[in-house]
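The two complexes that follow have chain A in common; it is paired with chain B in the first and with chain C in the second.
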Partner chain A sequence: MPEPAPNFLPPYWDADAAKPAFSMGKKVRVKSGAPPGHVRTPWYVRGRTGVVERVCGHFHDPQELAYGRGDGPKLPLYRVRFALADIWGAEAGFAETDTIDIEIYESWLEPFWDYGGDFDAQAARLEKELG
Partner chain B sequence: MGGLIDVMPGPPVDRDEHDYALWEKRVDALMVLASAKGYFTVDGLRRALEDMGEESFETMTYYERWIASVTQNLIESGAFTIEELRAQMEQVQARGDTYGEASLDSGKEQADA
Partner chain C sequence: MPHDGHDHVSPSGHPYRPDQDAPLTHWQVMEIAVRELLVEKGIATAEEIQAQIDSMDRRSPALGAKVVARAWSDEDFKARLLADGSAACREMGIEVDALKLIVVENTEDVHNLVVCTLCSCYPRNVLGLPPDWYKQRAYRTRAVREPRTVLKEFGVELPGTTALRVHDSTADMRYLVLPKRPDGAEGWSEEQLAEIVSRDSMIGVAVPQI
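After this line comes the complex of A and B, so read on.
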């Protein structure tokens, strides 16, 4: 994926809203779970891993807007790219280059740390990240 | 329905344009007005549509689902009370079954005159 231009700000950027936790190219995991209510995160990517294709800007949370609460904080919104083979399985016959982009709010994303089974490295990283 | 897999795939989509009834156009306009006035957003529209359940997608038409959702949202946001809605529905019902057609025709007659 292309590198972002230096000092690039996406459209719909709100300087007063929370700074996005993830930058372009970052690997992210979509949270799992099936809460009731109006949820924009598609079922088929919950728990899956993708890459931040871009930061779209800041938007009010549709999960709150849906119930008439539009005065909450704006959230960073991302376009996340998933490999179709990761979602539908190898037997579905997708090529490695077949992908889908889905816009997901930051509240549904968490960092993806892949240590390939190196638990010492993972522990060291967690200690550094979480203090 | 949030990308729920077991309701897909559907039959081929008929992409031909089709006419909308007057009441369907009014439902569409009502949604535009209600959101412009800040009563609710498209998120609220979608939420109430989803709350009707999957079977409503089989048993109701597109704008039947919309008017149910718009009504639900307008009650919730306080645009009118249920009692006001009941009284209005009774009044409209008293105009007779052909009221919708009559208002279409009278509109045409006025335009032709």
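After this line comes the complex of A and C, so read on.
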């Protein structure tokens, strides 16, 4: 995984909105799940782990905007970088440095807890822990 | 149509194209209805709507090419462009309205490619309307699934050592690729440089050639 780009002060910062929970370079996991509505988190990264490339600023939640609710709180928006090999598997033949950057709203992100090992192993372990 | 039984071929020898007179789709009817209501209720005038369409039609990749040529010629401008794309475009007098532009730079070791897998998000204020292929599922899916193959089909063969960065334009930002300045263009004016910057090179599916 390459180093994220240098951090720029986000031009679309709203001092009144919530402070971003994740900073540049932080490992994050995209939530799984398939809520109905105007979701702008692509399927292919749901449940995947990436690194915050930059904080873009604060924006209204498109899942609210799409239904005419534009007065809710603004959310931090991030660019998250994923390794293409992580997303499509080793057999897809991507170089380690091949990546995809995607904009994801904070409501779709959670911290990544590293239990060591690959993600499937972690998921299995979590499932066991949770009974 | 000729009446000699060969009505699928025109006198010029080319096949006839079907007329584009299919009935309006549901959303076309909705668009007309909303537009007429806006005018009827005095929210916008027909002239204002036409002026907006005209201003959209005036935008073209030539605007983006000017930005790229300036960045190639002026290191300080390039730094400002990479830090805040919209602000740097405004500085050049380019009307970017609400466009939130992120500029990503191609270098010796990095190649950037832009796609919108969800729809057709595109930096229209600096590139005009997107090409048809940009909006089609084939490009939108394959650009993230097999980007190197897609690039090859566009004529760009990336060495394995070049890091490929795909950008999926899923939310509020729009992306413009700052292509790598080709060798052999030393001492060129900004106008000359802008000539070799194509639309496709600013999407990332081509590289400028001399």
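Convention: the second predicted complex is superposed on the first by the 106 of 131 C-alpha atoms of A that agree within 3 Å, B and C clash if a C-alpha of one lies under 4 Å from a C-alpha of the other, contacts with A are read in each partner's own complex, and residues count from 1 in each chain.
As a working rule, a contact is a pair of C-beta atoms (placed from the backbone, for glycine too) under 8 Å apart; a residue touches a chain by one contact, two chains touch by 3 or more.
Just so it is clear, the structure is predicted and the values come from calculations on it, not from any experiment.
Asks: Taking the superposition on A as described, I'd like to know which of chain B and chain C A:Leu109 touches: first, second, both or neither.
Replies: It touches nothing on chain B or chain C.
Asks: Looking at A:Ala66, would you say it contacts chain B, chain C, both, or neither? Reply first, second, both or neither.
Replies: So A:Ala66 only meets chain B here.
Asks: Which chain, chain B or chain C, ends up touching more residues of chain A in the combined arrangement?
Replies: The partner making contact with more of chain A's residues is C.
Asks: In the superposed arrangement, does A:Val52 touch chain B (first), chain C (second), both or neither?
Replies: It touches nothing on chain B or chain C.
Asks: Using the superposition on chain A described above, determine whether A:Asp98 touches chain B (first), chain C (second), both, or neither.
Replies: Second partner only.
Asks: Is A:Arg79 in contact with chain B, with chain C, with both, or with neither (first, second, both, neither)?
Replies: second
Asks: Is A:Gly37 in contact with chain B, with chain C, with both, or with neither (first, second, both, neither)?
Replies: It touches chain B, and chain C stays clear.
Asks: Give one of first, second, both or neither to describe whether A:Pro11 is in contact with chain B, with chain C, with both, or with none.
Replies: second
Asks: Would you tell me the residues on chain A in contact with chain B in one complex that are also in contact with chain C in the other?
Replies: Dual-contact residues (chain A): 40-42, 44, 62.
Asks: What part of chain B is in contact with chain A in the complex they form?
Replies: Listed in rising order, the residues are 2-5, 40-41, 43-44, 46-47, 50, 73, 76-77.
Asks: Mind pulling up the chain A residues that touch chain B in the complex?
Replies: My answer: residues 37-45, 62, 65-68, 70.
Asks: Can you name the residues of chain A that touch chain C in the complex?
Replies: Listed in rising order, the residues of chain A that touch chain C are 2, 8-9, 11-12, 40-42, 44, 56, 59, 62, 77, 79, 84, 88, 92, 95, 97-105.
Asks: What residues on chain C touch chain A, complex-wise?
Replies: 82-84, 86-87, 100, 102, 117-118, 144-148, 160, 163-173
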